[in-house]
Amino acid sequence: MRKTVVRERSKVILRNPILVEGLPGLGTVGKIAVQYLRRQMKAKRLAELYSPHFAYYVLVNKKGSVRLLRNEFHYWRNQQSENDLILLTGDTQAQTIEGQYEVASSILDYAESKGVKLVITLGGYKTEVKDTPRVVAASTNEQILKMALESGAISSPPGNPIVGISGLLLGLARFRNVDALCLLGETPGYIPDPMAAKNILDVITSLLKVEVDLEGLEREIDRSEQIMERMREIEKQRQLAVQRMQKAEEERVTYIS
Amino acid sequence: MRKTVVRERSKVILRNPILVEGLPGLGTVGKIAVQYLRRQMKAKRLAELYSPHFAYYVLVNKKGSVRLLRNEFHYWRNQQSENDLILLTGDTQAQTIEGQYEVASSILDYAESKGVKLVITLGGYKTEVKDTPRVVAASTNEQILKMALESGAISSPPGNPIVGISGLLLGLARFRNVDALCLLGETPGYIPDPMAAKNILDVITSLLKVEVDLEGLEREIDRSEQIMERMREIEKQRQLAVQRMQKAEEERVTYIS
Amino acid sequence: MRKTVVRERSKVILRNPILVEGLPGLGTVGKIAVQYLRRQMKAKRLAELYSPHFAYYVLVNKKGSVRLLRNEFHYWRNQQSENDLILLTGDTQAQTIEGQYEVASSILDYAESKGVKLVITLGGYKTEVKDTPRVVAASTNEQILKMALESGAISSPPGNPIVGISGLLLGLARFRNVDALCLLGETPGYIPDPMAAKNILDVITSLLKVEVDLEGLEREIDRSEQIMERMREIEKQRQLAVQRMQKAEEERVTYIS
Amino acid sequence: MRKTVVRERSKVILRNPILVEGLPGLGTVGKIAVQYLRRQMKAKRLAELYSPHFAYYVLVNKKGSVRLLRNEFHYWRNQQSENDLILLTGDTQAQTIEGQYEVASSILDYAESKGVKLVITLGGYKTEVKDTPRVVAASTNEQILKMALESGAISSPPGNPIVGISGLLLGLARFRNVDALCLLGETPGYIPDPMAAKNILDVITSLLKVEVDLEGLEREIDRSEQIMERMREIEKQRQLAVQRMQKAEEERVTYIS
């Protein structure tokens, strides 16, 4: 494999499909969201993307088999409203600048070949810890942005950079007959953040008029909150220890001089 | 997008156009100068250059829309003298060696397609703080260099490297039927330096026999001078603090030993 | 040379050949194993692979001649069982991500052209020092994995990444009509580890039903064990010295304060 | 310019030409040697090589003109013996692995087009300071190596890596109908080393049976020796100062505890 390839696994025809991307990134927010959707919707395997711009290792699975790093497309036939979904998630993003552009272009090539007219990209938005983290939106299309705001998102501040695949897909969509929307969940980003993922899913399900049971995410949020609590406790102890040391040192110095 | 592309937005025919480049670099000198010209001249959109060698993020604009990093060409129909202008500025330069050569080549390809016979590149030239910073010039054409010197520039010292797009455009122009001139404003380069930009514009307007009101830049210079003043004050305080600490330490050491 | 090339040195037809790869990596395990096989089997020169993704230096040989870094294919006509072997080892792996994918693809292209249906890759598996290091296996084919386990290997834990050429050959084989097996010898990996190599060879000779005298490796293992012993001794002395210093310092601090 | 190009400046036919390469490297040995030959022989401009793998800046020359970094070919019509010479030197080597292979390939393409059957590459060989530094040789051709040894060189120790263009030209020559010899002058390599360059030229002039006045290099050697002497003096002073400080500190510590 000397360039990025998409290998299709099912030859299906989809009805006005929308591509929803969530690859690893800040707080793993996008990936958690899309993986959850995929499981909850029992989405079916559509295609895989492989690239020489991914890291050069393979992963062993449960049966002792191995596979290259990849991105995966799954599809969901929507019975509730008018758009089928293509869900894109995976192990990794491209490791180089040129690789990022090539992979994003390959994703759009494939999406267009399936008739996609709207791409929604998901990710994290770096903020301090907040009681009620929000969802930040940007779009290539004013009308779609407005719909996202009506579904609970707030508008991204101007000048904000959106890094990686979630940004490039929007930037590159403008050169094609495709609209694009980016939804970023506010997150401190230290550890995987299912709360931010749930916030995005609240917006996206409202926007797409689909119902998805988000209760499974609540359990993840509780677990994540416990980890954060423990980390905060450790940090507090560490700071106390540092303060004690500094005080001891100051006393010693004072004593000497 | 897998290689650098120029997307033309207006199909205009220009009269003996000269390309003036000012992309981000030392002290943001070139970019400030060209952006100011563009606003002052009310130059019109001509084309955009996109490249997989730019950083892989997009920027959100005021309306919540997004766009890739890019370089922009604007044109100005010159009523005052014989050459129309193409102004080139933008968000960034290429991030890799090979990308720098590719982007510079793409710029020259496009410039030649518009009939450009002269390219002027603008940037900063690293110097200590000076009361009267100057403009340093180099050119592929002795006659044009002479004209720049007559317009107030001084000749670049030999062996001086000109880094990035402002240098490569000159180096690559020599393989084409295009002349090139580089004007570098002396600058300490710590912060955006509108003074150095104004100095360049003094030379270039004289050289091209165009009149541009530079008063707007004076306000920028005042603001920049205030920032520098504050930074100098902070630095002075910091040095005083360091001296006090060193003195205290010396006394302590003397006392001990 | 602007891309990876394989130069064939012998035009031979091989009987159901299996490719066994062992290039430099953790503990040099794979390379030691394949080099030993090559010598022991008196395997014959088949082909060489050169790549602009290898490091840019040449090596001087005993006669004062030089050669590029390379990977080498040797073949062995198997009189004991049904598969001839192609042994692949060499100086280096590719130095960049894209280079790793290109070289792995070139190896598979060549292997397929020789009729290879099974690739076995060898390497090291990072563990603490152990009395009885084991051999970890993964495969693209359940049946072949089972045979490896019956030959003494254990199954790789899921989620384990296999880095570099030994992993990529498996990952890429899945897109071709080729099976692949990876055998990794447990090793601390600090120094070349002939013990881990021998453990792999025990598995592979059993698996392939070939007999190879492994006594030569025993000598290497003794020598390596002596080096490790000396290193452990040095480390112990170093730790004692550190402890003495810390104790002296503590006493001094106690004394002062 | 998107790939490496050679631009020929003179269309001359050369008699059994030998290519002698000396580009920047350890101790600048190769470059000093070839530059000296070029000046001494009044060699004439033949061609220039430009590459997007060179660093992305241009150099200003004495007249305020600029040029890209480049490698230069000059030719010398040999009246003394049977081989004309092509001398290759320049500003830089390629900055990436792939660039090194591409540039070396382009050099050999051009050399072959001029009928070159032998390439001699020059460089430095890292050693401690020595009273009588030697010249180390390696070759793709046993006969030519023998001639180099008879001309005063010694054979390179096996396993020695020859890094960069001087090595790659030998490694790549083997795939072509071209022989190659590498001569490396022993040098500490801290500063440009004209002594090592002269030692190489002693070998090469003897080997090629050409006479070149090397007196000009003697002056360079004297100047270089003075610089080294001053550096050694500075280093000695620095070490004395460090010793004094350590002693003072030890006394203080002793005093406290």
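Points worth noting:
Labels A, B, C and D are assigned to the chains in the order they are written; within every chain, residues are numbered from 1.
The rule is short, and it goes like this: a contact is a pair of C-beta atoms (placed from the backbone, for glycine too) under 8 Å apart; a residue touches a chain by one contact, two chains touch by 3 or more.
Nothing here was measured: the structure is a model prediction, and the numbers come from that model.
Two copies of one sequence, subunit B and subunit D, touch each other mainly through non-matching residues, since under half of the numbers at the interface are common to both. Rounded to a multiple of 5, the Cα-based rotation taking subunit C onto subunit D is 90 degrees. Ranking all chains by how far their C-alpha centres lie from the centre of subunit B, first place goes to C. Taking the mean of the C-alpha atoms as each chain's centre, subunit A and subunit C sit 37 Å apart. Chain geometry summary: the mean Cα position of subunit A and that of subunit D are 52 Å apart. In subunit B, 256 are the positions where the chain touches two or more neighbouring chains simultaneously. Annotation, chain-chain contacts: A-B, A-C, B-D, C-D (touch as defined at the top). Residues 1-2, 7, 50, 52-68, 95-96, 99, 252, 255-256 of subunit B touch subunit A in their complex.
Within the complex formed with subunit C, the subunit D residues making contact are 97-98, 100-102, 105, 137-140, 142, 145, 155-164, 167-168, 170-172, 174-175, 180, 182, 256-257.
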